[in-house]
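Okay, so chain A shows up in both of these, paired with chain B first and chain C after.
Moving on to the complex of A and B:
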C-alpha cells in the first residue's frame, strides 16, 4: 500500500537528537560547520531514520534495526592494538580523537579537528545525496580524525596502519586522504572495539588516488558483537591509477559499510575484493556504487560472504557507466554461502549502462556448500565437519590470496580462521 | 562489442515510425462521459448488467484506490496522469453484448482482418499451415466475439469474455477473482478493479488438455479512452492451456492508458503457458503519443507439481511497467519467464518478473533479453526470493541487454533474497557464461565467435517464439534474427 503518513519519532531517533543537544558544546567547528551539523540533526528529526521504502536502504530498515543509541562516553585509556602487519607505521584514533599521528617521511598527518575548527571541512561535509544517512550522522557528530597527505612519487617501504579504536559509547571520525601522483604503498584501515560495551561508530574515509598511483587499501572492520558500525569510503581514481581495495567485515551487530567509487581518470584500474563473515544475530549491509565517467577504465569486483547462525547479510552493488565512458570493462560478482537454516542473504547487483561499446556484467549466487566438493573430500577420508570447514576456508582464501603481500595474506587468513573457529 | 549491421537493420525495421497498426476504425461508439467517480463505476457495472456484489466490489476498490499513490520507483518518466480526463467506457453502438459472428458490425470484422486476426472459423480452418486458434476479440471496452466456443465447450473448456462469465459462472469468478492480485496490491490494480470493462475468462476442468490455443486480441480504437482489461485463467488439476494475447492501437498524439490485471491459477499438476506479443502504439520519434502500458500480471502455482510459464515479446508502448510473476506455492512447482524487450525512439521499458518460492523443491528460470536503441531506456527489474520453508528452491536468472547507438540506456536491477540455506540461486548478466562447450563446438566448425554467440542465443529465443501462434509469429519473427552479440548486462 502506498499510504503515507508522518511516523512518530523512535527511541533511537530521539536518543540521537538528545545526544547531539547534550554534546553540542564539545563538537568542534566554526559557524559554517555548526550550521551544517544543525541541519543534519534537523533532517534526522524531520525524516527519521531510513526504512525499507528508501531504495538505498531497502534491505536495512534502520528505523527498525537501530533500537538504541549509547551516550557519548568519556575517552578511556586505550592502548593501540597489535599491528596487523609487523613493521607497519601506526596512526591511531581513540574514541573519536586523534591519539597518535606521528608522521613518517613523505606522509603528512594532521588532526581533522583542525579542519572542523577553521571551517575548511565544511565543503567536505556535503551529503552524497538525500538518502546519505551515514554522511548525515557523521556530519552531525564528527569530532576528529586524521587528514593524510602522501607526497608525489613516494614509495612506502612499510605499510601505514590506521587504527580506529573505541571503548564503547559513540565515536565519529573522518579521514580525508590524498594520495599523490605515482605513489606506491599499502594502507590498512582498521576499526577495532576494545571493550564489550555497546558502541555507535561512524567513520568516513575520503580517498583521493592521484594519477599513476598504485596502492592497496585494506578496510578491516573488527567491531564488537554489540556494536553498530556505519562506515563509508568515498574514492576518486586518477588517470592510470591502480587501486586494490580489500574490504573485510568480521564483526559488529549492525553494520552498514558503504563503498563509493568514481573512476574519474582515464585508464584507471580498480580491483575490489570483499570478505564478509556474518554470524550470531548480526545484520551486515555492504553497499557499493561505482561510477565510470571516463572511457577506458577497468574494474573488477568479487565479494565472498559466509553467513551463519541467525545472521542477515545484504549486498547492494551498482555499476553506472556514463554515455561517454566507452570501452569500460566492469565486472561484479557476489557469491554467498548460506550455512544455517536461519540466516538469510539478499543481493541487489545493479547495472546502469548508457554507453554501447562496453563489457559489463554481474553475477550473484546464493547457495550451500557444493555437495560434489564435499563428497570428494569425504571420499578421501576427511570427516564432514573438517571437510566443510576446509571448503569454507577455500571459498574465502581465493579472494584473499589476490592481495599479493604474503604478510598481509597471512594476517588476514589467521584472522578469518579464528573467526570461523569461534563460530563453529 | 558494438552491434553488427544486421542487428541494427533489423531493429530499424521495427522502429517506432514503422508502426503498421496505427489506423483508426470509424464506427459509431457508445461512450461514458470523461471522468472517474462512483457514478461512472455504476454506469460501467450497469452496462455490463452486473450483479450487485460485483458493483459493491468495484466501489470498494475505487475507495481504496483513492487512498493510494502512484508508484514512483520504476525507471520511467511521464507527466502526471489526469484520471478525470479519460473515458472509461467505449463500445461500438452495434455491440450490445457478446454476439455471433453474423451479428457483428462488418466494419469491426474488417478491422480485425486488417490486423491479420482471423475471426471466421472457416477461414481459420481454410489456412493450411495455420494451427487452430480460438480468439476473443476485445475492442475498446467490449468483447466483440469469441470464436470456437462450441468446440471448446465440448471439451469442457470455458472460454468467454469475463463480463459474460460474471453472468454465467458467477461462483467461479467470485471464487478466484482477485485471489492472486489482491484489490489493493498496487495503484493500477486497484484502479483496474474499479473500472475494468472486459477481458477473457478461461476455465480448464480437471484433466483436460485444452484442444487448441486460446488467444485474446486487444484493440484500443477510440480517442481519449483507457482500456482496462481483466483476464482470469483457472487450470484445474492436471489441465493444460496455452494462452496468447496481442495488442495494437491507433497512432495518436495523445497518450492513452492501458491498465490491465491478469491472474493465472494452476492447481495440482496443471500447466499454464501465457504468451504476449505486445505491440501497442509506441509514440512517434519524438516521444509524442503512445500507450502507457501499466500492467499487473501474476500467476499462482497453487497446486503441487504445477507450472506457469510467461513468454513476452515487448516491442510497443511508450511506457511499459510490467512484471509477470509467479508465486510458487505448491511443492515441486515451477515458474518460467522468457522475455525479449525491444525499445526504440523515446520508449521506456521497466519490466521483469518476480519468482516467489514458498513451496518445497520449487524451481524457476528467468531469461530476459533487452535491446535498446534510439533514445530509449530499457530496464530489467526482477525479484527472486526463497521463503524460510522453501527448501530446495532453485533459480537460474540470465539477463542480457544490448545497446544500439549511444543515446539509449540499459539497466539491470535484480533483487535476490534467500532465507534458506538449501536454496540455490544463480544470477548472471554476462555473455561469457554462454556455454563454453557450445561456443567451442560452433567455432571449431568455422563459425566466427560473434556469429556463434548469436546463433546460440537465438537458438534459445527461437524455441520460445516458435511456440507462439502464427498470427503473432509475424511480428515475433522479425526479432528472431536479432543477434545479441556484445551483450551487456
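Moving on to the complex of A and C:
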C-alpha cells in the first residue's frame, strides 16, 4: 500500500467499521473466521471503498456513491413473501438469519452459520482478488445463509425458491450450493425488501453445477427504492452441464450484481439472460466475468436493459478464453433502451482470447423506442402511451420467453409489467 | 368520405416539400386507385392521411366525413375508421400477433366508447377472418410480422383490416411482392369488404391489381399532385403507354 494514496475515511466507511465493532459479539465464527473478518474490516479501514480508479469499479465509484450505512438492527417479524411460482418449495432467510430451511427429498439444507461457527467456512471466505469488495463486506459481516446440497440424479418436481428477505438495516448472507451430477431442476433466488427502511444487503451464492446437470437458476433482485444491494454469484460448471442463468434487477438504489462463471468441465452449455429495469435515481452495475478454461463449451449471453428517469446502469462483461479452450463458442449481447434524456448506461464488453479455433463475439446497442414500430401500433389505434409500453415490454419479453417454463415466464412478466406500470 | 383540398406537406426534419397542392375526393363506397411513378409521393400521402409526425401539413386541409382531421393524432384517426395497409409492414419482435390484434381491436372499441371484446368473441372473429384469407392460426401465435414471408405480411395487413372494420382503407402497394395466387387471396379479401359505406384508396404501380380490385376512379400522382384523373380506362392506358404522355400533357 502506498501511504500517500490514503484518503480520509468517509462517513460510510466509518459506519462500516463502527457496525463491525458494535456487532462483533453477534458474528458467528471460530478463531480463523474471526481473523478473516477482522482483516477485511482492516482492509476497508486502510484502503477505503473502491473508487473509479480501481478498474473493476470504474463505473461504480462506491466511495462516492455509498453515502451512509444503516445500523444492523434487530430482526423484524417478517412473513415469507408470496411464492413467485405456485407450488415451489420455499426456503427463507430473514434479516440475515436462516428462518425456514425445511428441506425436501434429495435436497439437504443446513444453516451456513454452522460452517462459520466450526470454521469450515474459512476457505470459502477467501477473496476473489484484492478488489473483491463484495467478498470483503460479506466476509466481514455474514451472519448466516443456507448451504444446499442436491443429491446426484435428482429431478426436482417442484421449483426450489430461496427467499432472502429483509426488513431494513443490514443483512449479509451466503449460499453455498452444490448441485449433484445429472440433477434437473429450477431454482429461484429472490432478494426481497419487506419495508421502506434503508438497507445494506450483501449476498454471495456459490453455485457448483455437477457434471451433466441441467438446471435453471434465477436471481431476482426486488429490493426497495432506498436499498444498497451487493450481490455476487460464483459459478462452476461441470462437464456437459447445462445452466440457464437468469438475472433480473428491478429494485434497489445502489446495486452491484457480480456474476462470475468458470466453465471448468468440457462440453458445458451456459445460457445467461438478464433483465435490468432501472428507474428513479438508482445506480445499477452488473459485472460479469466468464472463463472458458477447457475446450468445447458454449456460452451465450443476452442482457436487456430498460433505463428511465435519472437512473444509471453499468454492464461490464468479460469473457476469457484460455489457450487450451479450443472450439469455444461464446457470445455476449447487451441491449439497452434509454427512455429519458437524463438516464445513462455504460457497457464495457471485453474479450480476451488465447485460443485460435473459437467463435466469440459481443455486441452492445443503445437505442430509443423504434419510431417505425411506434407508428405502426398507433396506426392501428393504439394510443401513444400504451404503444410505448407494449414496445418496452416486448423488448424484455423476448429474453424472458427463452426460459421455456410457462409459469415462471408468466410470473416474471407480471412482475416486470408491474414495475413498468409503476415507473411509467 | 374523404376530401383532400390543395394539400401541401413537407418533411418535418428538413422542410422538403413532397405534397404540392394535391386535390382528391373519394365518395362513400368508392374505390379510388392512385398510380404514379416511384418517388411521386404516394406513400407520403398515405402517411399524411394517417398523421405520421415526420411530415407537416403547411397548407390545405383533409376532410374526413366533412371534418378536418389535421388536429387528430394517428391513433385517433385509426379509431375514427382510417386504416393504412403498409407498403412495408413493420416487424415487432416480442409482441405476439394475437396479443397485438386484441389490443388494437379493444383500444379502438374503447376510444369509440364500446365494450371490450370477450376472449371467445375475439378468437371467433380472428378465426373466421383468418380462414377467409387462408392464414394459419399458428402464424398468429408468432411475433407480429417477424419471419413472415412477403405474402404473409400482406395477408396479415388485410386480416387486420377486416378485423378493425375501418371506413376508409388505404392500401399502399399491397400487391408488391405477391405472386398471382397470393394476389388473388388478398384481392378477394379486399373485395369482400367493399360496401356502400366503406371507401378504398388503392395505391399501386401496376394495373395488374386493378384487374382484381376494380376501381371506380383512377388518379395519377406525380411530384406531389394529382395530374390526371379518370376511370378504369386510364389505368389500362398507363399500362400500355407509360406515364410520359400524361406527364407531358400536365406540364
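Heads up, the rule we're going with is that the second predicted complex is superposed on the first by the 419 of 424 C-alpha atoms of A that agree within 3 Å, B and C clash if a C-alpha of one lies under 4 Å from a C-alpha of the other, contacts with A are read in each partner's own complex, and residues count from 1 in each chain.
Criterion: contacts are C-beta pairs under 8 Å (C-beta built on N, C-alpha and C of every residue); 3 or more make two chains touch, one makes a residue touch a chain.
Small disclaimer: the values here were computed from a predicted structure and weren't measured.
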Look at A:395 in the shared chain and tell me whether it touches chain B only, chain C only, both, or neither; answer first, second, both or neither. second
In the overlaid three-chain picture, which partner chain does A:27 touch, first (chain B) or second (chain C), both, or neither? neither
According to the stated criteria, A:361 is in contact with first (chain B), second (chain C), both, or neither; which is it? first
What is the contact status of A:293 with respect to chain B (first) and chain C (second): first, second, both, or neither? neither
See if chain A has more residues touched by chain B or by chain C, and give me that chain. B
Contacts for A:127 in the overlay, against chain B (first) and chain C (second): which applies, first, second, both or neither? neither
In the superposed arrangement, does A:78 touch chain B (first), chain C (second), both or neither? neither
Contacts of A:373 with chain B and chain C, given as first, second, both or neither: second
Intersection of the chain A residues that touch chain B with those that touch chain C: none
Which residues of chain C touch chain A once you look at their complex with the stated criterion? 50, 52, 54, 73-75, 78-79, 83-84, 86, 89-90, 92-95, 100, 103-104, 107-108, 111, 143, 160, 164
Under the stated contact criterion, what part of chain A meets chain C in this complex? 371-373, 375-384, 386-387, 390-391, 393-398, 401
Within their complex, state which residues of chain B touch chain A. 1-3, 67-71, 73, 184, 186-187, 388, 401, 403-433, 488-489
Residues of chain A touching chain B in the complex: 1-4, 55, 58-59, 323, 331, 336, 338-368
